[in-house]
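By letter and in written order, the chains are A, B and C; residue numbering begins at 1 in each of them.
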């Protein structure tokens, strides 16, 4: 019992061989320096492993809309639609007999529910009849986009908070005045604290051509990144903006390029019948995307990473041993010194059947 | 001084005992093989630890709406409401005297502001009076849902980008044609590159019954996952779809099951008075949720994980030592060989009071 | 060849020096205990490293709106606007000659497109003319907010799912009844399973003053957190609510404080001309933000962390060695025991030019 206790409080450390050699000594220290530099330079300075991180950014985006809003650049309006029966106008619904239409019933894609009848559309052309809002929209009309949109401005107010550190900031300074807001203009280099964005600038920052974009519509992402080192002063926590076209793939193919949607304005006749104006709108949609993380010095991550750093320095020994025992002159001698053999010249087959008496009492860990 | 420098450049390596035993040799190599397999199979092949990851996927979802949109399946309309005073109709506001209503003033839940008066509703039934849009809505009417919705189609255009690698892709191929779009139909197995989804299919993939869903409304999540290995060819980065009912819990309880909301269409009489049509709409809401990550070979994570792998192989020694020193025949002999004792048969109490002279100059690390 | 195989299956373990000393023995075990406690207490119990994590929470938020909705508290309406030409009213567009206006053409910020003419606004005041919806809005009128909003209620139904574990829950119990829903009131302490929130309560929980908020508008975040330990019973997975003002920075500066937006209701005259009512609405916007993660016991993370724990205990030796060899009485003796020198009294310069014969065949790893 007492022997187990004294056994428990003995200290075991590895026996070391000291090799007095410039070659291996320098290699060893060089490898250690490399590992040390990695920890200092990359882990501590670059990745700031001594900080507690907060990636759960709370953000509120306010525009004269929501964090996703759009500016209409082109409209095709179909006025005075009423519920009823009328011929479709899309080219694929051209027909000669009812039978052409019957097989299309329940097929998706038309503006209303297909009745299965083939009715005259214009002149001698016949199309399948639909039950829905009539007359059906003709969206192949060429219209020119409103180029004035390029000079329109967007007002984006972004307020963020890091809950772990209870730190709050926004994309405008608390010192701004009405006069400044009325006159300033966001500039990605010189003026990142003005919340007023000119549409033309945003489109240019996203490397798009305004004329093309206004014609077909599209989605522009306005990304606001907040990477904050809260160990530094408040002035170092600034938003960084980046602008990209989010529907980049839309440009590459001819089918349904750009961005458009439909909406209707509903009116009532004196007799109570509903009628509507259907609008197919081509628009530039702006998605404001906010992300960020903050870090602040904290003991726990610092300690864990310091221990990791010190332990990792020992890794250098593995490399040096390989060099020492294999590639250096006099390796055989080192081997003889490093390795003490046990078990004579012939191999033994050790069996685990009998537990040695003493170790049954106090396990060796 | 010079002695400190030469001391610094000596190389220390652990002295080892070589045990020539098949048993422990095989165990050792087996444990090492296990650790090695774990790193190769799990860390490198499965988790692709040699890649730099980009989880900051940029996504744009375009539908004939937004990334959250809904299709109305059932409507209860209350036409010609005007601002005024009228009796409530909800059962809980039945009253016999004004006193029943007075105590409800400021209580939440009614369609307008309670005036505190008890007025006749129908026949002999009296309810509390409200000030708001009158007459109050009666939403207990039974209506049948529009079953045609099952055949409606949804058009979902999803374009993604991994900013770290500047890699762009979409849920439709750049080679698609108008003809293909008009005829194709999304199929989770055979046709994942068609952006046209039939409502009935989506509901079925989410394992829901369309009739029930259309009657009560509900929320279906359309998840598009992009797990891309950019070391492989472009054809290997494909979207994977999954469909679930997001408001799964709504089905389980009787109170307010499903999904419904109200909206109003506003009109004006000739004399300028506003009136409105209130609509209570039961709808299937579709939430398109996009997530993803991409990986690409990079030296830094590869090196870090290789070092971790090589270092971890040494862990096997810990297990083997426990076996060797405790459970093998001849363990006492091995102990004698492995451990060199220092300190005689009696324990010492070492004190840290006096710093040894030499080590005061060059610390031993 | 055979010698290489036997070589491969030899087992090498470090030779150890056993130090029988109470001081260092106790320090060693204390350090090991510290490391052990860290792993048990922090890694396993606190951070639950034995669990597989699922952070990809699927959430559906249903309100009588969407996950972002607002309640209007104050409105400035401009009735009967028609498309045409009229003078601007904003103070900055005051002018005396056309030249004042010409230079403003293409400048952002007005309610319509500036024509460049200077026209009479009221009395002797002249302002620049715009082409747009006329007459222009005058939004400087003082109006009092609707204080009744404080008693309004919000219904928030939140259903979540952890896809990895296929676990579903919601912010209301499956056992709730209609009666309960009609009478209950959310309370952050006593009643977290009632989905009915009083606006006044929410504002108070976010530590805001309702009167101020209603006057200027603002954005309140309702955060629902689901941190679930699925090893425990279902009753332990509860939502935790927190309420914050998301646009906290808006309060600090005088320019455009709070939250407001504009919308229009469109009507048609008998002759088909469109006219509209423009509304500038001050509102409280509620953003429902759901986050969460679930954990459940799993062999793989348990094993990895157990191995990490056992390996880390060895780290204690590094610290003890530093103490033993530098700060303890008799350190020189320990040094002599621990370090076996190789290389005589003079340093050698080992060169890697000649590969030793035997090691060329079987590398020493």
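In this text, a contact is a pair of C-beta atoms (placed from the backbone, for glycine too) under 8 Å apart; a residue touches a chain by one contact, two chains touch by 3 or more.
Small disclaimer: the values here were computed from a predicted structure and weren't measured.
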item: Same-residue or different-residue interface between subunit B and subunit C, half as cut-off; value: different
item: Relative orientation of copies subunit A and subunit B, as a Cα rotation angle in degrees, nearest 5; value: 120
item: Whole-Å gap separating subunit B and subunit C, where each centre is the average of the chain's CA atoms; value: 14
item: Touching two or more other chains - residues of subunit A; value: 6, 12, 14-22, 24, 267, 321, 337, 339-340, 347
item: List of subunit C residues in touch with subunit A within their complex; value: 6, 9, 12, 14-22, 24-29, 68, 92, 106-109, 113, 219, 221, 223, 244, 246-250, 252-256, 259, 261-262, 266-268, 272, 287, 289, 291, 312, 315, 317-318, 320-321, 324, 337-344, 346-356, 358-359, 363-365
item: Touch list for subunit A against partner subunit C, complex; value: 6, 8-24, 56, 58-60, 62, 64-66, 79, 148, 151-153, 155, 157, 159, 161, 163, 168-170, 172-178, 180-182, 196, 198, 265, 267, 307, 310-311, 314, 321-323, 325-335, 337, 339-340, 347
